[in-house]
Amino acid sequence: MISEKVVYERPVALSVNRTHYCPGCTHGTAHRLVAETIDELNIRERTILVASVGCSVFAYDYFDVDACEAPHGRAPAMATGIKRVSPDNIVFTYQGDGDLASIGIGEAIHAASRGENITIIFINNAVYGMTGGQMAPTSLIGQKTTSSPLGRDPKLSGTPLHIAELMAGLPGVAYSVRRSLHDARHVIQAKKAIRLAFEAQMQHLGFSLVELLSTCPTNWGVAPGEACDWVREEMIPVYPLGDFKVAEPLRARSQRGGQ
Amino acid sequence: MAHGRIFIDAERCKGCELCRTACPPHVISLAPQRNSIGYYPVMLNDPDNKCTGCALCAVVCPEACIIVYRDVAVPA
Amino acid sequence: MSKQLLKGNVALAEAAIRAGCEAYFGYPITPQTELLEHMARRMIELNRVFLQAESEVAAINMVYGAAVAGTKVMTSSSSPGISLMQEGFSYIAGSNVPVVVIDVMRGGPGLGNIQPSQSDYNQITKSAGHGDFHPIVLAPATVQEAIDLTVLAFDLAETYRTLVIVAADGAIGQMMEPAELPPMRPKREKRPFWALTGAAGRPKNVITSLYLGADNLEALNNQIQDKLALIQGHEVRYDCYRMEDADSVLVAFGTAARVAQTAVDHLRQEGFPVGLLRPITLWPFPERPLRELAQQVDTLLVVEMNAGQMFHDVKEVVGDQAEVYFTGRTGGAIPTPDEIERVVHGLYNYYLDPDYSPVGVLA
Amino acid sequence: MSETSVVIAGFGGQGVLFAGQLLAYAGMENGRFVTWIPSYGPEMRGGTAHCTVIISDRPIGAPTVTRPDIAIVLNQPSFDKYEPLVKPGGLLVVNSSLVTASSLRDDLELALVPADALAEQFGTRQLLNVAALGAMLAKRPLVALTAVDQALRNHLPASKAHLLAANLTVLEKGYAHCVQLPLAQ
Amino acid sequence: MSKQLLKGNVALAEAAIRAGCEAYFGYPITPQTELLEHMARRMIELNRVFLQAESEVAAINMVYGAAVAGTKVMTSSSSPGISLMQEGFSYIAGSNVPVVVIDVMRGGPGLGNIQPSQSDYNQITKSAGHGDFHPIVLAPATVQEAIDLTVLAFDLAETYRTLVIVAADGAIGQMMEPAELPPMRPKREKRPFWALTGAAGRPKNVITSLYLGADNLEALNNQIQDKLALIQGHEVRYDCYRMEDADSVLVAFGTAARVAQTAVDHLRQEGFPVGLLRPITLWPFPERPLRELAQQVDTLLVVEMNAGQMFHDVKEVVGDQAEVYFTGRTGGAIPTPDEIERVVHGLYNYYLDPDYSPVGVLA
Amino acid sequence: MISEKVVYERPVALSVNRTHYCPGCTHGTAHRLVAETIDELNIRERTILVASVGCSVFAYDYFDVDACEAPHGRAPAMATGIKRVSPDNIVFTYQGDGDLASIGIGEAIHAASRGENITIIFINNAVYGMTGGQMAPTSLIGQKTTSSPLGRDPKLSGTPLHIAELMAGLPGVAYSVRRSLHDARHVIQAKKAIRLAFEAQMQHLGFSLVELLSTCPTNWGVAPGEACDWVREEMIPVYPLGDFKVAEPLRARSQRGGQ
Amino acid sequence: MSETSVVIAGFGGQGVLFAGQLLAYAGMENGRFVTWIPSYGPEMRGGTAHCTVIISDRPIGAPTVTRPDIAIVLNQPSFDKYEPLVKPGGLLVVNSSLVTASSLRDDLELALVPADALAEQFGTRQLLNVAALGAMLAKRPLVALTAVDQALRNHLPASKAHLLAANLTVLEKGYAHCVQLPLAQ
Amino acid sequence: MAHGRIFIDAERCKGCELCRTACPPHVISLAPQRNSIGYYPVMLNDPDNKCTGCALCAVVCPEACIIVYRDVAVPA
């Protein structure tokens, strides 16, 4: 006899709310992966999300966990405050590249350097999504944005910041990797990394960060599918995927390079 | 060959078509009607039962609006 | 417990600890540094949370984090650091969480200096950053009161789920005076129901200050305004000194009030019927007592260690019921009783000779 | 006098802050109102430090004063700064081991005490602060000498406990020096 | 130049450029983003300095740097960003350098929302961070005025070497209205004598806000207070509308004043003798005209898009000369003429029936 | 006949003011080296100093150049503002480790990442000098400070931040090295590095930073000579001296390692 | 009416903001006071956008209204939102290509225009906004059709210049549709 | 062997003794008197003319208060 089994369904840690994300925006994908991880690790009831300011500002509506909303860039500081008083909770921030790499770089670096036992999901979409597509520290050279209408000029605005690599240089960091969300194979790899990042925290190994290359079809001015192509063709050459720091206890389970 | 099917929550779907691109046997297509939010959702269009239940569509779906089923043989 | 000779900063810190402070995050700045240093030693000793933050911006957001997690939490700083916390204050205000902040004020603007000052008055009583909000602001005038008001600050913060600022100044922070510390409170075992502790066996808790749509945000604001009105109704605190038959009253808080009190003694000796009203809560401001007072006396002289900030609150409340004058020192100087007395002499002359213009007085 | 203000000033390392605390403790143990406040911050770098102690029968206003009743000056820069500031009729205690200048004011009482020398002779050089404090008390018994004695016993940091006896001796020698010597005019 | 349909944010930006703005540093934030974006395009085109800073804290300090170098410089932001600039404002105040800031206010506290608001009133008029200072604050009510006041802002900043804030709100920033831009000013060739340009052939210039010792810092403060007094004497600006025989006057600025003006028209049609006083400079506040007015009318109704901030300034100035009431909306809502008219109706009823309590009014 | 020549004298770019530094504090040494460099390069009349908040807060009194005083940590932002509007001026900041590595890390990293053509003299004395000896991000593990009375505990406060190395990782940086001021040989090497840093700016190569290991006898609670020993014995092992980034045009003139 | 407020609402991509600007430009060219204000920020994500245009004979107060005189609704969610809000006696212009629901209000004038269909037929589908605008003007001649014509000529972005003729045609077709058709009740 | 001498601005000197440690021939020592700021400055104590004018003292001096002279042979 033939019967059916469910091989994929919506994770429990995602709330029932609809997202406000644009069609094809991989913020949604990242949310799903985090939620799946929370389900798998069975930590929904002790996880605390620190949402940030960016398109993901309503993340607290989309996850079914206790959550708060940090001022722009300050999520790692807020997460520090929470984790220090509640070391048994699993604390993660979800931050965009404007939030983490621009205004919040200080808080991110210091949390990492202190080895705060928190997890950061870092969405690099090379642009400020929420405010309408301005240049981010992660925008590519030559990338046209609403605040670099002639394309990012390295002489005026410098070069893309490589957060996963930067973090990997700090001793307090247990896990720092970059993954991409532009196709199924990479999404699967991203998921594994997210899971390892949370496991790093559960094993008290210190700071963990997963940088996810993500699309912003709206502000890039392309269709969702083309946005995925742009990640593959333009972003990945600048932002190589890979493991930049993997603490010893996690190493056996981490795939090299993640490509 | 494995056989499966998917359920798409058309009210959540935003018609981004990432699933359509990801589907190996190309059994997902755009629906002709907008949903109530105004998007054209996708639908399973699989007259020949080519869906394998591989779940790649679900893996890429940003809206988590696909449920994937796969046939299993149940010992009678 | 008997009296000890305690430094203000140390007293503030130890009082917080005894009031049940579970976590402290701060950044060094003169003249409050000993407060942080005392915390560094004692909190670790007591197995509580102490962390030197990388900045005041980080500190207030760590505090915000510990607050949403439902702990009694505090930071401390001095004027420039308080400026940097304004955004954090505003988020705390918009989230209705309890937080205690100690501001040991110093001279400004800018880097200014590290001498005692009261020139944060506006920035802490009028707003906590952007948006409509007032923290409760408590202004101690002695080391003993610094202790008592710090304990009160934790209680008020919890009661109203609000930001409470203890507004001391460099003199209060740096001086030693005999004072008595309260006993150590037992550790609080449970986190409040609204706190983020993990959504175990209950729907998730969310703490945010984001309310899309004017209606939603206005509802939040109405709730906040109701709370503020409640606080104004219940928490006004002030002190009166030698008010009997006074026809002139000094109005001053904190260190300026100590000096004013000395001046009152001297002036009384000279036969001038002068009293002192000392606001203890700078917000809620003691409006009613001041207004009533204004109907009984001729003149109020506001004395501050700034260019006249509380002065405007007094003037607003007093209206045309009495004359309101100001004298003060800026830049970290503490007025002397002499200076105040000279101004009061001038004011009395003024009534005899309306052309007389008292020195150092803003009408 | 119901309220007396004392400034103690000298180089960093001369123990001015501790001398002031001793005085404050003593005042407190004598049941009086006291305040002590130090100079603080970068002005403490590069040399000088001072503190102000006020002892009073009633609550004290500002813990700082522009014109103290008493100044204890342990070095030349402090002499230069405070000699003109002491209130008329006030007392200026001068560490004559280091300060050679003399006051031209005729409205001050001047107490010269070779504090370094006394300290070195009866204890160790570091105790010059206590010598000067003793000298001050000989001229103005703001608090009982025994109260300072007691304060020393109670508040000398553990690391200096072995110097207790020396402290007490030097305190008394400073006191004795100024009680016995005729006033410098 | 003839009128164009211009978006407020674009008009603010282009006006700054034409007024001679040589450098712009800013950080994106809704609802002022188009301002930054216009700058991004035009400043580069004109070979002037545009830089997107990493944060508002960095932006205001870049501005501070360009200001000490003697250039005409500007930043813009909205409420949370303005909170983050408070420390920088205070340093700018303490250094007497000219700076222009545009604040396109949004709803608070906290993250709030991005709808129009006027709830930065306190944080920009009462203090610029810690210390005693007031920036000049200019509040446009139309896109045309946004242009004119931006040009004025640059001139006032230079004249008084001071911080000038143009306080717009989300509505002014986002709306399009017909308006005329001024001609482009010629490039200024020389930097001012006090600027840091390298100590060539002259003693070095130092710009600092650090004044060790209370005396020195007090001297700075006295100089600043003198400057502020001068500004109060010379720069008060306000507008009156239909004041003839008014016995009630609305007091409102910016977008709220537009609505109030509509309400005045309606009320006049109904026969109520109502006028409008619109402060254009929020600091210096139009104290004298308001005080004089208060002696002529019975009632003032302050209308704001906040919980009543300017209200206190009006009350202070008016004293007991007239009744002062407040009505307003928070959270990003704009009051409607209807709402204001209802309150005014209530106030008139109030005089007929003293027990009547007008809805939505704070006494 | 024998005559005398002056082989060393006080540089002209140092003003006549006495410093307020504690005896033996090598802040003074760093000042002297910068002043010598300014003299040698003949740039006194076009140099602008951005002083910071720390013991060196009065640096503007000690250099005979145009100068301003930035808010704590914000000197790189202020320097950016100045340099952008006055590209012909030579702009440098002088910052302590509390100032640059703690509160100001964001501004420092972004200025570096943008490749701002400015020079930073970074004084690492492993402590907050000015405020009385609190822990800095650069304090050593186990170092007792007034805010880490039991010694810096990496579990609570993380590990020392390596600024010169961190900066070297950013493409905008032309020159990033570490030197020490604890003895004559090292002072001479420090001087060469400072000169190269200024030359980098004069050659428009981008951001340059010299990290100088410096003493704080007062807050370390030791005599000046012992403080120098402590730099040699304790700090250098943690903070290796060396060149972490030297742009090509400078390379020929830079000595390797600097030890 | 001396002051008229118009809300135009629909999906992102339906050109509501531009339609509003056209109306404002036309009003301005007709010498009237005008304001235009968009919805902005994250509420523009995920679908809907709207703008408000006010045209008046005197200076305009708030640029936003809670109850518009006219609403042009280009999709179902906009119909749902604005149908109840239009002022009594006001006009509701409905894109009948996408909106099937009908108004139950009897105090409104309703103009049904198959905007998508007209646009597709006489130009391209994107021009539905102009079709609806034309329909509105047929019912309420706030500004002259020729002024909108002129505004199109002056302000159509360069990248769309080739669509000018189509725009003009569709505008007129929308107008014509509503002038000729009997009112839907 | 080169020969030199140094001048120390005693009013600037803070007596940190870094120069004393740095001086190869040990010709620098502490003065017995405080300067007017209260520090014991150092002084050149070189009865045997051992100072070489190497300037190492000046190189380490945080107060820049040493001037170093060196003898040079001037062709007669």
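Order of writing sets the chain letters: A, B, C, D, E, F, G and H. Residues in each chain are counted from 1.
Everything below uses one rule, namely that a residue touches a chain if its C-beta (ideal position, glycine included) is under 8 Å from a C-beta of that chain, and two chains touch if they have at least 3 such contacts.
These numbers come from a predicted model, not from an experiment.
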item	value
Shortest walk length in steps over touching chains, subunit F through to subunit G	2
Chain pair showing more contacts of the two, E-G and C-F	E-G
Cα-centroid distance, subunit B relative to subunit C, in whole angstrom	61
Whole-Å gap separating subunit D and subunit E, where each centre is the average of the chain's CA atoms	55
Intercentroid distance (Cα basis), subunit G paired with subunit D, Å	86
Interchain centroid distance [CA atoms averaged], subunit B/subunit H, Å	86
Contacts with 2+ other chains: residues of subunit C	30, 51, 54-55, 57, 80, 87, 91, 95, 110-111, 113, 208-210, 212-213, 334
For subunit G, residues contacting two or more additional chains	42, 46
Of all residues in subunit A, the ones touching two or more other chains	18-19, 21-22, 57-58, 69, 71, 102-103, 105-106, 110, 130, 137, 156-157
Subunit A - residues contacting subunit C, complex	15, 44-48, 50-51, 57-58, 60-61, 64-71, 74, 77-86, 89, 106-107, 110
Subunit E to subunit A touching residues, read off their complex	27-30, 33, 36-37, 40-41, 44, 51-52, 54-56, 80, 110-111
Interfacial residue positions of subunit D with respect to subunit C in the complex	21, 24-25, 28, 33-38, 40-42, 58-66
Contacting residues of subunit A [partner subunit B, same complex]	1-11, 14, 18-19, 21-29, 31-32, 35, 183-184, 187-188, 217, 223-225, 228
Residues on subunit B engaged by subunit G in the complex (per definition of touch)	14, 34, 36-39
